[in-house]
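Provided herewith is a single structure, encoded as structure tokens, for subsequent inquiry.
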């Protein structure tokens, strides 16, 4: 496959770049297949505490595996057309909607969710006990322009709704993008929050409202 | 008495926090305050107290075998701490494994001093109720390389194997948030909330992170944390299962990261939020 | 048993900059341990500094000072080699005294 061979040659180039001196001086590194086998065993051995369902979190699904290429995988640049199409289809097929059909919920509930960075963390094999997960949004995105404590790993979402409006189409796009960002941009840094079960469809709808509602702090300025 | 004295008992960490969360003006980026706070802390690093306690622990006869760690070979010969941090992780013939500083100290505490492995692992991270011997020993050994440069070598086949495993793990996405290390540490100048994220694919940033980073006194934890704790904490935030202390996976990541920091001038312990 | 302080004393001009790292839990009496029990207050209440035997600082501290605090004093009119002695006493009557000589800055 063309995409794979491209990826292989890039990986090889990056090895030479990083460790050229070593390669020149002595024996070679193990091949990619051996490394994958070794490391997967190490991952298995590294996690011993907790119920099997928690331990299984470190096992990759097919999409995660495809997005784990050496050298980074943000965006679709390093994927072949077929790989990208397959990832998008898998992502799109996974999207589910709230039973109520309402894709935009209550922005005030959303406001609580977006700044909450907690949920699902494990210590000594136990998951933290919370009524529900935070949505983690401001870890990476600016949303309310008056909030300083926001990250910038993801793009700023200030005035998101002001720029796009709050039509049904915008609500649907926003909902789907949060539910599974890989349906739009395979291997994006953005977690597949709905597909992975981190957020419920209702929680995602509240976050959508926070982004597009005219009354939300996101769109007030 | 022609003395005038000015005294200030400073709650240094409360001060640093106040600097970080103060009003942000148009001229100053939010992280400027954090950088200033870190600079203030670096001048009087409480981690130095861990270095001194670590030295006392290293030379004291302890454990069921009533032995010191002065026969512990950290890669520079028995009991030699100077330069040890600079070349770790490395391959050790007696264990037939690549080991980082923590896993090697664990071996020495078990083999030379007769401590139980599970006891050392249970107390690996200090709490407000109980100091950790491991955190003190790592501080002492780390500081003993101050002024030297990172020089991790990949001469043994197992060292190359660990390096490649660490690289693979760095890019491996998993868990309910689909994160790999590279998700947060693949670009320069980014933040999670107000926390600066080093770009670990850039050697110049890695040199600083590794050579002046861990072990580091963490103000919010009131103790020195080690690289093993840093990795454990990342796995926790990534919603992955507990990362086993001294596990091969943890050593592989450290081998990959420390190797990329070669040439960085060591100044430990660091100071972190 | 109380652990040693780490003291630096550097002369700049005729002012000695004394910086002290104190190893102390400085428990406020408000914190609960992992089992949920209140941890008894345990904090330094008296801190003194002498310069060649003469007191230059005599302070009353409280629970408001942080764990492992950093403490700084400047002594005017100091010379290289002068003896600086730092002592503390806490509410459990633990004590610690350490001394240094002023060094050229």
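Going by the order they are written in, the chains are A, B and C; count residues from 1 in each one.
The rule is simple: a residue touches a chain if its C-beta (ideal position, glycine included) is under 8 Å from a C-beta of that chain, and two chains touch if they have at least 3 such contacts.
This is a predicted model, so every value here is computed, not measured.
Across the assembly, the mean Cα position most removed from that of subunit C is the one of A. The most central chain, judged by the distance from its Cα centroid to the centroid of all protein Cα atoms shown, is B. Each chain gets a centre from the mean of its Cα atoms; for subunit A and subunit B, those two points are 28 Å apart.
Rounded to a whole number, the gap between the C-alpha centres of subunit A and subunit C is 49 angstrom.
For subunit C in complex with subunit B, the touching residues are 3-4, 6, 19, 21, 23, 25, 31, 33-34, 39, 47, 49, 51, 54, 56-57, 59, 61, 64-77. By the touch rule above, subunit B contacts subunit C in their complex via residues 1-14, 43-46, 48-49, 52-53, 127-129, 222. By the touch criterion given at the top, residues 21, 24, 30, 153-155, 157, 160-161, 163-165, 167-169, 171-180, 182-184, 186-187, 190-195, 197, 201, 236-237, 239-244, 247-250, 252, 259-260 of subunit B touch subunit A in their complex. Interface residues of subunit A facing subunit B in the complex, by the touch rule stated above, are 18-19, 22, 26-30, 34-36, 38-39, 42-43, 45-50, 54-55, 57-60, 64, 67-74, 117, 120-125, 136, 138-140, 148-153, 189, 191-192, 196-198.
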